[in-house]
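Before I ask anything, let me first share the structure, which is written out below as structure tokens.
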Amino acid sequence: MLVVMQAQATEEQVRAVCQKIEALGYRPHAMPGAQRTAIGITGNKGEVEAGSLEEMPGVQEVIRVSKPYKLVSRDTKPDTTIIKFAAANAHTQPVTIGGRDLAIIAGPCGIESRDQAFAIAERVARAGAQFFRGGAYKPRTSPYSFQGLGEEGLKIMAEVRDRFGLLIVTEAVDYESLDLVDQYADVIQIGARNMQNFSLLKRAGRAHKPVLLKRGIAATLEEFLMAAEYIMSEGNYNIVLCERGVRTFADHTRNTLDLSIVPAVQRLSHLPIIVDPSHGTGKRNKVTPLSRAAVAVGADGLIVEVHHDPDHALSDGMQSLYPDQFDTLMEQVNQIAAVLERGVQSPAKVQAKVRERTTIAVE
Amino acid sequence: MLVVMQAQATEEQVRAVCQKIEALGYRPHAMPGAQRTAIGITGNKGEVEAGSLEEMPGVQEVIRVSKPYKLVSRDTKPDTTIIKFAAANAHTQPVTIGGRDLAIIAGPCGIESRDQAFAIAERVARAGAQFFRGGAYKPRTSPYSFQGLGEEGLKIMAEVRDRFGLLIVTEAVDYESLDLVDQYADVIQIGARNMQNFSLLKRAGRAHKPVLLKRGIAATLEEFLMAAEYIMSEGNYNIVLCERGVRTFADHTRNTLDLSIVPAVQRLSHLPIIVDPSHGTGKRNKVTPLSRAAVAVGADGLIVEVHHDPDHALSDGMQSLYPDQFDTLMEQVNQIAAVLERGVQSPAKVQAKVRERTTIAVE
Amino acid sequence: MLVVMQAQATEEQVRAVCQKIEALGYRPHAMPGAQRTAIGITGNKGEVEAGSLEEMPGVQEVIRVSKPYKLVSRDTKPDTTIIKFAAANAHTQPVTIGGRDLAIIAGPCGIESRDQAFAIAERVARAGAQFFRGGAYKPRTSPYSFQGLGEEGLKIMAEVRDRFGLLIVTEAVDYESLDLVDQYADVIQIGARNMQNFSLLKRAGRAHKPVLLKRGIAATLEEFLMAAEYIMSEGNYNIVLCERGVRTFADHTRNTLDLSIVPAVQRLSHLPIIVDPSHGTGKRNKVTPLSRAAVAVGADGLIVEVHHDPDHALSDGMQSLYPDQFDTLMEQVNQIAAVLERGVQSPAKVQAKVRERTTIAVE
Amino acid sequence: MLVVMQAQATEEQVRAVCQKIEALGYRPHAMPGAQRTAIGITGNKGEVEAGSLEEMPGVQEVIRVSKPYKLVSRDTKPDTTIIKFAAANAHTQPVTIGGRDLAIIAGPCGIESRDQAFAIAERVARAGAQFFRGGAYKPRTSPYSFQGLGEEGLKIMAEVRDRFGLLIVTEAVDYESLDLVDQYADVIQIGARNMQNFSLLKRAGRAHKPVLLKRGIAATLEEFLMAAEYIMSEGNYNIVLCERGVRTFADHTRNTLDLSIVPAVQRLSHLPIIVDPSHGTGKRNKVTPLSRAAVAVGADGLIVEVHHDPDHALSDGMQSLYPDQFDTLMEQVNQIAAVLERGVQSPAKVQAKVRERTTIAVE
């Protein structure tokens, strides 16, 4: 159920409708848009009855949403969500995900040491990334594989933010790690294996930081959006979706990167969507071509694995780019973005060289 | 791990790859063939990371070979695991999962009320089930769907055990619910969506009750066994695997029930494996034929959804059998089991009629 | 479009309706059932207009079929199709596919020599098979693999029929081979790779022998039935469907055998359906368990690869049973069939030993 | 081929497997590892058949290793194949597929009439396509759907070539149609459903025109390349591969377009590869984004469905672009191509405007 307010509705009227919804035993979600406010209604009593909401001052209409998702839908909020981040440190500027320009997240699969993190962060920052990725809690198929450094890894990433001006994206795998990630990082990643871990999604919905939600390995578009709906239904509206490849019979890549989901999401939902070509292909030599394709199809950004020494990486060595390869990727991605009249954000106030490179015209 | 060289690779390139493998701390085994050379890699440091081998001059591809699971493997423990359960109440006898005779788990998708649970339990016990299933914590695709009664549901199931002599199987979805399930139930179910929720698997590995681990919707055999390995690696060796259908392109059933995994698991692992034809097909009229097939292929048991009033079930009504249909299923399954020289366990000391029908004594 | 005649309609009335349909420019397909005749209408002008058909004497109703298939549908012909075969030689009796008792087809993947064919035929006949399979035209993934003996292979199989009393099932891959198979064999097999080779299907629809149509490796139920519809629309109503595994992400078997399609087909179509556990699993050690499951789920028969010397088989050695394993399979299948109140047909007038075995009671 | 022994296999068992391999005429290479022994197998008799190796005592599994394709491989021919076409008429220039610049094929799904073909051809030629596609023989799922105009359609397309300077691409579905297509058209298309119709592939290998081979709906990369190998093994070396989407569980597009196969093919084979975003998505609104992505990933061209009146198209109306949309597609594709230092070929000697826009001369 969705209450659409009139364009000229006052804040007071919005508040009154919300109070009415609460009085009926449901939960209101006011979402101010460019022109008008819409109020989503959720509740655990099954169907919501419209009652007298439609008669209230400032209400334009009450829509019974047939699709199972509500809050994530463009019906609810026609404008694309732009998630705003404060500057990572004093030398950088604020950045966004979902705006005109692309967001680039890069870094190692797992944080292995302070030296490793710094070596990689230095290179990806220089190449023009705005976000640093790195796992402190690694969901590994085998219990005998490297499981991450835990809080120690989070602390190293916090240092990376201060020193290199990169915002931090890292995965949470349970309540404990989610609380710590919420504290240390800038974006809480929910991995593909946990896309339908509904308890964790709800907890992420009560966190303070934006959530990067990866598509499950066999998730339909509807299940993907419903997972985001779980998070939003708890009050956290800052969600970035991420396509990272799905499982098919094809065996020439680790997963099959399904780029068609990018325009499909953009049609149905207001949430931004980025692409992970590293997990999406599982092969280093396919990351750059598929990064170009992801930007060309219209993604709002990329998340890419980069390692300065993949031979000795404790995880995902086969799919991590060398820093030089990442430089090339950034150059190509900048040019493709320009064709779509987008750029790659350049947060660093002093990174003049990078900024020049990102503003290259196609001709 | 195996490195396949290109046809035109030089001896020097082969030597370089071997040296690289040694430098990584492993042992190379070059095998020249008629057309090309392959290089095997072994090592005692666990998993081998391919690193940059695939990028070296002359290399065509890198193939992974060795099996990563240990505790679940028949190599480790040749005898099939038999999980023993004490009698559910004073009127019944002990039962097993994994032994000569089949284990049958039946009940509603979700516990909706005491009356509903009792009505169904009475019928499935009479038909010869030994275990009662029912969800108190339901992982639903939508946050707006019925999420289960929580601890209240667990208490109802504990009453079912006392009154009907049925052992209780119910799902845990996070730490909190796992601790409660461990306390109230006899078997902790880990659902398909959480098969790679490694935090939850580890917690289940520290629980006191056996675990029923469902195959993830797109899990390979290896991933399935590795999920069990996670539980075992924490010390809980009582695990029952459960095939419940996988996601494919086929649309005549909700999932595609992959019965071939039953002999495949039995070949590689000592763990018992049962089949869920209800989720595996998603259609009431296919549950009984596929139950017969599951027993015929060699499964150690079944988990079946039964509801006395499926039209008004709060979840999965379309795939729940009517109690009369479950009676028929049990008769047919008993006869198929007899062909394989197995029976269906009959725990009730007083259920003389049932025992006659199966013509097989439990002890 | 489907014309359902009254139960008491005369043959003359049926003929009159058919003539009317032809006069309208369409093609009638009269299908006499146990109680009444239905007349399917096909044509290449797109939609069929009912015109005055409904007013004709003897017509009960005209049904606009919403499903895209007509002739294969149970709506058109409620009784299951039973395909009748004359005795293979003087020592055997007639057999059927689709009747109460199961049909068993067995033999090597490819016919390699007269000696090989005879050695295998002798064993599968003794074990109780009624049909002999063997490829003379092999659709191989590689042009460099053994492609079959061609007409020479067909001649060998004709000898097998005479000598061992086995009916012959063999694959046609193009017009030329189809014409020859139609001449030499008893059943024309259309392989999975040709399930949507519509030119070949139409040609098979004009052949004189029944067609065994294998499900394509990624065919939906609807596509599978539509392929049969192609054959029937040309006038050949004797079709046996065959599930032989579909392609999924699962890698523990060569294909994923989708047994749920058996009851799904039986619900929608009157055509018989059998199962191929050899291609369906691709692994010898899984053929017997899945054969049991196929019979338990309700299949009308099996097609199984058997080779007396799989080590030296020119194709599919890994999935061929040894003759002794096939003996065991037949014993188990007989017992499972008995549970469903079916038997395995025993065509040989003199094979007393086999007949005794097939009549084993479950208890 | 690689035999992996069990952990507890004895030296005697290893020796027995090696002797067996030798007896089969191959060469064993035993590689003892820390935990288990693996035995490599090589031989110069082509494919190795595993036979009964998997059944021997101590054997865990048998893994296939060597690549079966030869003529399509870059090992055989390191330089990318460039297929050269003479000018379509006196007003155009020669074009290529597989060279520096992209080839664009556009037109309706099926040829419906001379007027329809001309109306569409005029627009796609003006927009910069070099090839005209259109089906005269349509492989339709239903025998009751429009099956194409046959030779009449081929004649219309020959007129299109003369009048608009477009080279003709059209599908052959059997020997008869292949001979006619070979006579009238410039490129013989083999559709996805016939990718493993080996008889047709061999016939295409004896034709005089280049072949456009579409990937089967569930074909692996290896099967795709082997299908091309069939054509090449008969002497026709002019093959263009075409990715057109594969079948997966995903339901937001008709097929899942697998763009990662483009760099995968380019790594293993010298054959050019193009992309079909129309069948690859099945939805008009996704054709342009995925066309951009296909060019960005490195494809050698596109094949796109365009119809001047999709609402009344006899097939595939939902996925056909309007001519204006195709204009936009061409503009965007030109710009993306420029980023990769490629252009779109401009065959028309007089299409000055198009040439200016791409800023790239054809010669």
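In this document, chain identifiers A, B, C and D correspond to the written order of the chains, with residue numbering beginning at 1 in each.
Following the convention adopted for this analysis, a residue touches a chain if its C-beta (ideal position, glycine included) is under 8 Å from a C-beta of that chain, and two chains touch if they have at least 3 such contacts.
Given the structure is predicted, the values throughout are model-derived calculations rather than measurements.
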Item to check | Shortest path length from chain B to chain D (each step joins two touching chains) | outcome: 1
Item to check | Centroid comparison with chain A (C-alpha atoms), farthest chain | outcome: C
Checklist entry - Roughly how many whole angstrom separate the Cα centroids of chain A and chain C? => result 52
Checklist entry - If you average the Cα atoms of chain B and of chain C to get two centres, how far apart are those centres in Å? => result 34
Checklist entry - In whole angstrom, what separates the CA-based centres of chain A and chain B? => result 33
Item to check | Residue list for chain B, restricted to those that touch at least two other chains | outcome: 218, 247-249
Item to check | Footprint of chain A on chain B - complex, ascending | outcome: 24, 46-47, 49-52, 54-55, 62, 68-70, 139-144, 146-147, 173-175, 177, 193-194, 196-200, 202, 217-218, 222-223, 226, 229-230, 233, 247
Item to check | For the chain D and chain A complex, residues of the former touching the latter | outcome: 218, 220-221, 246, 248-253, 256-264, 267, 280-281, 285-286, 289-290, 292-298, 332, 335-336, 338-340, 359
Checklist entry - Across the complex, what residues on chain B touch chain D? => result 2, 4, 6-8, 27, 29, 31-36, 38, 40, 42-44, 60, 63, 65-67, 75, 218, 247-249
Next on the checklist: For the complex, give me every residue of chain A touching chain C.
Outcome noted: 247-249
